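Listed next: structures, encoded as structure tokens.
Consider the two complexes below, in which chain A is the common component and chain B and chain C are the respective partners.
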Partner chain A sequence: MDAMLVLQLLLGGLQTGAIYALTAAGFALIFGTTRVFHVAHGATFTLAGYVFVFAWNAGWHPALGVLAAVAVAVLFGIGMERFVYRPIQRHEGSFFTVFVAAFGVSIVVQNLVGMVAGRGFANVDTTLSRAVEVLPEVFLAQVFWVAIGVAVVLFVALTAFLSRTHAGVALRALAQNPDLIRAYGLSSSRLSVLTFALGSALAAPAAILMAMTTGLNEAVGNHVMLLSMAATMVGGVGSLRGAAVAGVLLGVAESLVLLVLDTQWAEAASFLVLFGFILFRPTGLFGVVAAR
Partner chain B sequence: MTAIRFGRRGLLGSALAAPFIGRASAQGGDPYVVGTLFPLSGPNAEYGGVFTAGAQLALEHIEQDRMLKRPVRLQAEDTQALPQQAVVGMNKLVNVDRANWTLVGFTAVSKAVAPIGDRAKVIMVNGGAVGPDLSGLSPYFWNVIPLAHLETRALLPYLVGQRGAKRIALVYVDDPLGDAILGILRDELPKAGGQLVGSFSVPRTAQQFGPVAARVRQVRPDAVYIASFGAQQSQIIKGLRDNGVSQLLCSYSAMNLDSVRSLPEANGLIFTGQKVDFEGGDAITRRFAADFRKANGKEPTIYNVNYYNATRLFGLLGQQVEAEGGQLGGDSLRAALLKTRKFPLVGGTGEFDDAGNMMAAIEVNELRDGRLNRLAG
Partner chain C sequence: MTAYLASLATLAAIFAILAVTLNFMVGYAGIFSVAHAVFFGLGAYAGAQVALHLVPDALAACAVAALIAGGLSLCLALPALRVRGEYFVAASLGLQMMALTLFSEAKGLTGGLGGLIGIPPPRLFGFAVGALPLSLAALALILLAIAAMARGSFGRTLQSIRDAESAAEALGKNVAVAKALAVAFACAGAGVAGALFALHMQFVNVESFTLEQSVLVMAMVIVGGTGTLLGPVVGAVLLLSLPAGLAFLPFIPPTEVGAVQQIIYGLAMTLLMIFRPAGLVGDLSRGRSEA
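Showing the complex of A and B:
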């Protein structure tokens, strides 16, 4: 086996995995804390990505573009919580109703993005994504370090927030027992809004990195959503750390599988990993076995 | 006596319908239905817009020229370029809308709907898909675009002979179009003096092409042929270029999209397409080009031309059938096609063979700074 090819595929997989990890962590945070199956997380990703592309093409400073993308992602997440999920949960709140509503919103967003931004390929033209040969037959772009750096910094910050701040501890409590939260005089609805804001914000850097590396189209959110769900299950439902590690694992699997299989199987590798976990470790990497 | 009362909705509806009442009554009768089966959402939706723009302009010209005795209504169905959605759409067009004529695109979609059109004897005209097996799919299935084997045959002598690119790698989408191009390259490359050094299949939904680029680099090609469509083909180009594939990139007519033209990584891309002279052509071509620019504010592409021609052909054949006192159906329209064979279309006279394929000259173009330069053909 060509060692350089292994290294090349591993590095490519880590870059992709960092993007998956950010998206999956956002989804896992929302699902683990509020138990809302937020299928429209893919739409958050799409919106954030297109806002950054728009800002970039309009000549805005990249920092402003990032801020705008994060702001739109957060507003969309909060909007979903306040105007879609909460009214549904106020009445009957079945899983299926929430799923269909979120799915419907995703389709609307997809079509609106297509109407406004055009129904084609959109990307950010930057030299950050142009790989150069760093070792014989090994190409690496600067965006690799950006992706890894952003993912690490955000996970460290999020972990610190969840473990060292009152709001973070309250979020973890909400995930475990919403009734107890109310008994202590905390507002579960405010915490829910905070969860959606944080989870949605995580989708923005992932979308920006995707716009730089592979480009976007209006339907990109569907694909991202599938991978986020797979990563959440592989990582263990409710585990933020699990989703992040699983995201990286899926990205690396997608890439390394090309060592032994045809390129056609790259995407299937993620779902083979998922099936493997469902069969042999249904609780996922960091999941907890629930007693019946 | 009960007075007729108009509510706000009634008034609004009447106001919206008013511009069409005069035209409909002038031509009279129920409108003919031209159905479209294009992707209007999803990653291939850009094509839907391009295809529809050509068809709409042709319908405007059919109406302006009063070619038919009845008005024509465009009925659009969204296929997302997927066979399953296309079958649902085609069944609706055939059974509910009673379409007289349908426009299709994409190889997998065309193959999926052809049996339905065949059974219902509804004409299906393809102006966008290039799978070679679309020829002779049904007596009612016609092509106004040269199929992939013709495009590839035009490209390979140029690639091998003039560019010295003998070792070709193929990145192809896992669908009937990609499989067809793989077969053509396997057969035709050795005849042209070249060699297929690697073939890399990717799923339709694939987004990451960094790992594919690593595999492509390994086979050390002189050129890489890309056989995909929609947003994915731009992603493949960017994925290859960003990940160290600096060799010549080449493809077929599907690359003629705004999103590809504006992609910096696509600079130097070589691809084939039909030969059309918008400036020095005949009156029909010049009228098409002028009106297209006026309506859309940009230059027309080959796909605009193809679906204009596919729709104009309905006008020409319908006119012929109406003049002979017949009804517009699959059999009468097909009989008219086989009787006349040659039609004045955009790009010159379009001549059809027995299987309903229009013959067309093919050229090899290079994309340079967003513009196409003719290299051969």
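Showing the complex of A and C:
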């Protein structure tokens, strides 16, 4: 087998994996902390990505575009928590009601984006995304290093926040025992807003990176949400490290599968992994919470 | 116009079969599958192949479709026995995505993206019959079967599993067998719907068996009311007449009709879950505790 081809696919997989890891960490943070199966996380991703593309095309400074994308992602996440999930949980807490409501919102967002921004691929073309030959037959764009760097920095920052700060510790406590949180005089509803804000913010850089690499379309959110969900489950619910590692692994697997199969099998390969894990190891790689 | 209405009514009956069988899993057994379109697809391809290469007999097509869909329902029953809640939804999502790839790639059996064309119209014992009476008859039979099961001991067992699995097990109910049978029955029903769909449309391709279709059927169940007998039928008729109604609104450009329709589906699902989680037909006080 051509070693250079393997290396090329591996690098591409790592780049996609970094994007999946960021969205998966957001999904896992929200699901692990508030137990909300946030299917509309994909919609957050789509919205943030398109806001950045619009800002870019309108000639805004890139930093301003990033800020706008993060702001939209955070507002959308908080809005979902306040206006969709909380009213449902107030009268009954069935996870499936939450799932269907969130799926409805993703359908609305996907079609609105399709109507407003047009269907088909949207991307931003920066000097960062021009690939150069770094080794014989191996092409790499600078955005690769940006993706890896952003993912590592944000993940380290998130871990530090959760273990070092007062609010972070409170979030972890909320994941373990929401009743006890109230007994200690902390507001569990404020903390879950914080969780949604943080988790959704993580989707923005991932969406921007995807706009700079493979490009976005209005349905991309669905794919990203399904992969984040798969990564959360494969990594083990309750473990952010698990979700991030599984996100990278799924990205790499999706890319390496091209060595033996055509591209249309890439997604199916990820879901085969997910299906296998749910059947044989529902607690995932680093799982701490029992599946039942 | 009459032909159009008859075709719409046939589709409504076929989707009503899908909705009532999914409701049997969701409402009675508490198995929240988002992979129902997979078994619809299996039935459609099986029925189409029977009609194309063996006999164009509706009964034979439906029987083979039910056997294949029911047999392969084991793919769904296995995770249903292992995990619950979000984990099962994730597993069924995974199954849906894998099956879609298989449907588009197994070109010998499914015709791939191009699909299977020229499926002969349905016949019964050698006589030509309309797809409408066939579908209505199948829907009526399945509704009767569900009503009988829901009242009988099997239905009670399923409901007890849905509400408290360990309690049902403690009372000596065989949870695994009951769940597997419920899944097999619902998937076989979806297979029958698929065979009827293939015979009615005389053409099937992978576009009818996507995740969106699974969610649409789920929306029919939920809009109508989970755990009720006729709610899903109402939901199916409502959600299918929606695009037909939208086509008559002059101010929506024709290219956007699909998107507007999807937005209305999505909004309806979200708003119903927030304000009326038991569905239109469902009893509100009952739905609050278990929907």
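Here is the rule we go by: the second predicted complex is superposed on the first by the 283 of 292 C-alpha atoms of A that agree within 3 Å, B and C clash if a C-alpha of one lies under 4 Å from a C-alpha of the other, contacts with A are read in each partner's own complex, and residues count from 1 in each chain.
The working rule: a residue touches a chain if its C-beta (ideal position, glycine included) is under 8 Å from a C-beta of that chain, and two chains touch if they have at least 3 such contacts.
Since this is a predicted model, take the numbers as computed values, not measurements.
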item: Room on chain A for both chain B and chain C (clash or fit); value: clash
item: First (chain B), second (chain C), both or neither touched by A:A141; value: first
item: Which superposed partner A:S239 touches (first chain B, second chain C, both, neither); value: neither
item: Chain B versus chain C as contact partner of A:E267, first or second or both or neither; value: both
item: Chain B versus chain C as contact partner of A:S192, first or second or both or neither; value: neither
item: First (chain B), second (chain C), both or neither touched by A:G114; value: both
item: Partner chain(s) touched by A:Q89 [first = chain B, second = chain C, both, neither]; value: neither
item: Which of chain B and chain C A:S228 touches, first, second, both or neither; value: neither
item: Contacts of A:T46 with chain B and chain C, given as first, second, both or neither; value: neither
item: First (chain B), second (chain C), both or neither touched by A:G104; value: second
item: Identified clashing stretch of chain B versus chain C [7-15, 25-33, 61-69 or 79-87]; value: 79-87
item: Chain B and chain C contact sites that coincide on chain A, given as residue numbers; value: 110-111, 114, 264, 267-268
item: Complex interface listing, chain A residues touching chain B; value: 2, 5, 8-9, 12-13, 15-16, 110-111, 114, 118-123, 125, 129-131, 133, 137, 139, 141, 210, 213-215, 217-220, 223, 254-255, 258, 262-264, 266-268
item: Interfacial residue positions of chain B with respect to chain A in the complex; value: 40-43, 45-46, 48-49, 174, 200-203, 205-215, 217-218, 230-231, 234-235, 238-239, 241-244, 257-260, 263-264
item: Chain A-facing residues of chain C, complex; value: 26, 32, 78-79, 82-91, 93-95, 97-98, 101-102, 104-105, 211-212, 215, 218-219, 222, 256, 259-260, 262-263, 265-271, 273-274, 277, 288-291
item: In the complex, chain A residues that touch chain C; value: 31, 37, 84, 87-88, 91-92, 94-108, 110-112, 114-115, 222, 226, 229-230, 233, 264-265, 267-268, 271-272, 274-275, 278-279, 282, 291-292
